[in-house]
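In the two complexes that follow, chain A is the common piece, with chain B as its partner first and chain C second.
This part shows the complex of A and B:
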């Protein structure tokens, strides 16, 4: 597993939280929620195949 | 090469953000300038009884930026074709004159309808019309100032942050 993905996720997390704050302060709660969702989708997109790997590993380990 | 690309994305996004915030700032300035023009026009009509083409020309000289050109062009339009009336001016031509201003669609429509209603009846009714328009513009300026306060910082921050966001995604 590439370790840099953790830093990338951390960076996205920080950016999204700042964006969320800025938009919230400006009274744009809807856009704030949309940005949070977008961040979540991006991060999920990055980690989805690691999660799928994990499930396959578990399946093989317990021979399910 | 990669760093250059990142820099370009960052600069472009920040630029877009700053341009958006600049539009809000400029709108307030242009509305103030328009109000100044209308107050001057009111004085010209009330105290000097200047005909509209000349009044527009005189006011154009006193204003700056987009409004200076707008008043000048309207004066020129009125002077050509044997002193046209205001209501006979082509709406599209007036709209074209405001194309590089930072005013929004509603402002433009208000300005056009105001221009078209100028010089229709006697002096007294024109004064009332001008007074009404000045009050309306003042309200718009107040609202635009509030908008500017709210959106100026927001768009700058949004531009810079989205630049960083794109860089992080593609890194």
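This part shows the complex of A and C:
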């Protein structure tokens, strides 16, 4: 279980918030919203693997 | 020495959640991932506990069914706690309480045979 995922998520989050600010200032609120959503979907794919690992491990460990 | 590792990971996550305060969604992701990573750190310790329980079981020749139910209840309690605390942290207290109620009901259902066993035991003594 590598810890780099935390830093990856934080990096994507910071990038998204910066992009959001820039696009807001440029008057394109829709694109800002879309970039936020895109960032969320990317991070969701990463996180889903971790969640499925957790639940399969718990099931296997506790013989659920 | 894993405890130092866990605390450092937790503090890093807290800092990143504070940084990403404007976008709450990333905070939720960070909480989930931190919880999963910490689980995988202390999971190795748990195997030794299971071995200990099996040894105890062999010594006291308790019926294997009770030990199996005990572990299932432990697993359900852990998952329920994991989910409900995450929801509470994200500010959704009602969803958290729903998860806790569901967890308690499942544990109650699982522990039914144990209760019956105890009652039979008491009847046999009396």
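The rule we apply is simple: the second predicted complex is superposed on the first by the 62 of 64 C-alpha atoms of A that agree within 3 Å, B and C clash if a C-alpha of one lies under 4 Å from a C-alpha of the other, contacts with A are read in each partner's own complex, and residues count from 1 in each chain.
Convention: a residue touches a chain if its C-beta (ideal position, glycine included) is under 8 Å from a C-beta of that chain, and two chains touch if they have at least 3 such contacts.
Predicted model only: the values in this text are computed from it and were never measured.
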| item | value |
| --- | --- |
| Side-by-side fit of chain B and chain C on chain A, or clash | fit |
| First (chain B), second (chain C), both or neither touched by A:12 | both |
| Once both complexes are placed on the shared chain, angle at chain A toward chain B and chain C, C-alpha, multiple of 10 degrees | 170 |
| Chain B versus chain C as contact partner of A:50, first or second or both or neither | second |
| Touching partner for A:34 - first (chain B), second (chain C), both, neither | neither |
| Comparison of chain B and chain C by chain A residues contacted | C |
| First (chain B), second (chain C), both or neither touched by A:64 | second |
| After fitting on chain A: smallest Cα gap, chain B-chain C, Å | 16 |
| Chain B and chain C contact sites that coincide on chain A, given as residue numbers | 12, 16 |
| Complex contacts: residues of chain C adjacent to chain A | 9, 12-13, 16, 19-20, 22-23, 25-26, 29-30, 32-37, 39-41, 43, 46-47, 50, 68, 71-72, 74-76, 78-79 |
| Residues of chain A that touch chain B when the two form their complex | 8, 11-12, 15-16, 18-19, 22-23, 26-28, 42 |
| Of all residues in chain A, those that touch chain C in their complex | 1, 3, 5-7, 9-10, 12-14, 16-17, 20, 36, 40, 43-44, 47, 50-51, 53-55, 57-59, 61-64 |
| Residue ranges of chain B touching chain A (in the complex, touch as defined) | 150-151, 153-154, 157-158, 161-162, 164-165, 168-169, 171 |
